[in-house]
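Chain naming follows the written order as A, B, C and D, and within any one chain the residues start at number 1.
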Amino acid sequence: MIIKIVTTGGTIDKIYFDRKNEFQVGAPQIGEVLTEANVTLDYEVIQLLRKDSLDLTEADRRLIYETILSDPGRHFVISHGTDTMLLTAKALKKINDKVMVLTGSMQPAKFRQTDAVFNIAAAITAVQLLKPGVYIAMNGRIFDPAKIRKNIELNRFEPIE
Amino acid sequence: MIIKIVTTGGTIDKIYFDRKNEFQVGAPQIGEVLTEANVTLDYEVIQLLRKDSLDLTEADRRLIYETILSDPGRHFVISHGTDTMLLTAKALKKINDKVMVLTGSMQPAKFRQTDAVFNIAAAITAVQLLKPGVYIAMNGRIFDPAKIRKNIELNRFEPIE
Amino acid sequence: MIIKIVTTGGTIDKIYFDRKNEFQVGAPQIGEVLTEANVTLDYEVIQLLRKDSLDLTEADRRLIYETILSDPGRHFVISHGTDTMLLTAKALKKINDKVMVLTGSMQPAKFRQTDAVFNIAAAITAVQLLKPGVYIAMNGRIFDPAKIRKNIELNRFEPIE
Amino acid sequence: MIIKIVTTGGTIDKIYFDRKNEFQVGAPQIGEVLTEANVTLDYEVIQLLRKDSLDLTEADRRLIYETILSDPGRHFVISHGTDTMLLTAKALKKINDKVMVLTGSMQPAKFRQTDAVFNIAAAITAVQLLKPGVYIAMNGRIFDPAKIRKNIELNRFEPIE
């Protein structure tokens, strides 16, 4: 099994530029995370987009969809900003024969305290064990995207009651 | 679902005592890891042993077995030193109706660079998705303990050829 | 000797708010840094401002000046954004009988890789050893603020040639 | 000014070897610390010894002494285990025309929480500001080695009352 990792940006890849006094979405962190964990899986990182997920357009979502659809791989982890993760999950639903797990983080991977490493590991694990479909790996759980929402106040994903 | 986390020690929990100029197995780190990841799962930490796994005796392994067998829970993550992880996995094989995932790390969780967070996340994810049985979550993969060995030179688990 | 630590904000205290998708100047990090270093000095943290230094006004600079002038202490570390650190240093020059060391960082203290801890330690050390005057502790060196500039390209302070 | 950094081992450089289930004194960490802090000083790292300071012999101490004595440099930072740091400081006292600052740490530099970065920064700063003599930079302070002791219980250096 080879795992394809499609990176689209989001908080997980945010870095801080002192020159501009601002954060920006930087290069994907996921490769470093997998190396530090001494992962022996076959995987390939596809650097697709580098955007805050609020800035993703319908064209971007179409690009993500087409990229995964046309790729011969069958197991995909998609790193993504959390604000529109559910929209992208919905767009991917039309793909029936692949396992697709979206993940991201609330704190950048570059931070000393972050949920990024945990979430990446959860997605990498889930994509190996699940049957075809679209899933969200966040907050230690594997969700059906149709049944959750992002709780902005508590900064986490929750099941819709 | 409630996940029971049984901690037995190992490198993952090693801390450094300057007073004695040595590493020792300290309090379980897994709770801090789950808090930092903002995990919303129901889980309970059972602090059972605090030993380097080379020091685990048959009596210790029996204790781990009895603890899990008699616990009403059905989903168990066991943190464990890597040197005898396969022995404990073998001892747990007689339990048929529970999902048991063992994990540990090659570098202590207290280190700035460590595989501990990744491995804990992998085990926590796997235990939610797998059917009853005993599994090892290490190096980004989920293994059948009967089919792997620890490669001491490369410091990782590998499938037996 | 008691060291008074006046915090004014800047990159060193930046945190990330996922709710707003932005970095903001958060609570001063210096207390945590001193605790982690097991510092046994007498010190007191005066939380004065919480601003990116580009947003500091003349009124803010006057406040910093008045605060230090009227304080009975004689040893001051001032944490400050780097963009206008030299302006504040200039404003403090009229105070003749106190040791004042300004410091900050190019990467937030919350980052896994940061110059914040090093710079705080440099300032804390310098303030104990220098005679009255205003100094900048950055990039491992102790500078006379009248003789340096911030090199925006290389993201560091340098002597004026 | 060029700062010569003489590394002798100690907790600050301890790493963990899973293969042997033990820590060892590894390669000096100080270069990485200075790089991460974006230090623009001229410095040179002299890797002299790699020992827990309890294992340093009189011959080792003589080697440290001879190395510094015969070196043309005038500013020295010596990284050293804390248990016999005061003995080495005493041996260096016969050198009259150089500034020598010893430092170390109670927690390894490789740890996520450590006093190593702070202590290195303190020593690097102090060596630039002090007049010739031997000093200890620990716990945020600069000590005269003749007037302190290591408090084993509290894991810190303290003035002798």
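The rule is short, and it goes like this: a contact is a pair of C-beta atoms (placed from the backbone, for glycine too) under 8 Å apart; a residue touches a chain by one contact, two chains touch by 3 or more.
From a predicted model like this one, the values you see are computed outputs, not experimental measurements.
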With centres defined as the mean of Cα atoms, the chain at greatest distance from chain B is chain C
Taking shared numbers over all numbers used, above half giving same and below half different, the chain A and chain B interface sides are same
So, in whole Å, the Cα centroid of chain B is separated from that of chain D by 37
Cα centroid separation, chain A vs chain D, in Å, comes to 44
Cα centre of chain A to Cα centre of chain B, whole Å, reads 26
Residues of chain B that touch two or more other chains sit at 106, 112-113, 155
Touching pairs here come out as A-B, A-C, B-D, C-D
Listed in rising order, the residues of chain B that touch chain D in the complex are 11, 14, 16, 18-19, 21-23, 52, 54, 82-83, 106-108, 110-113, 152-153, 155
Listed in rising order, the residues of chain C that touch chain D in the complex are 33-34, 36-41, 106, 113-115, 117-122, 124-126, 128-130, 137, 139-142, 155-156, 158
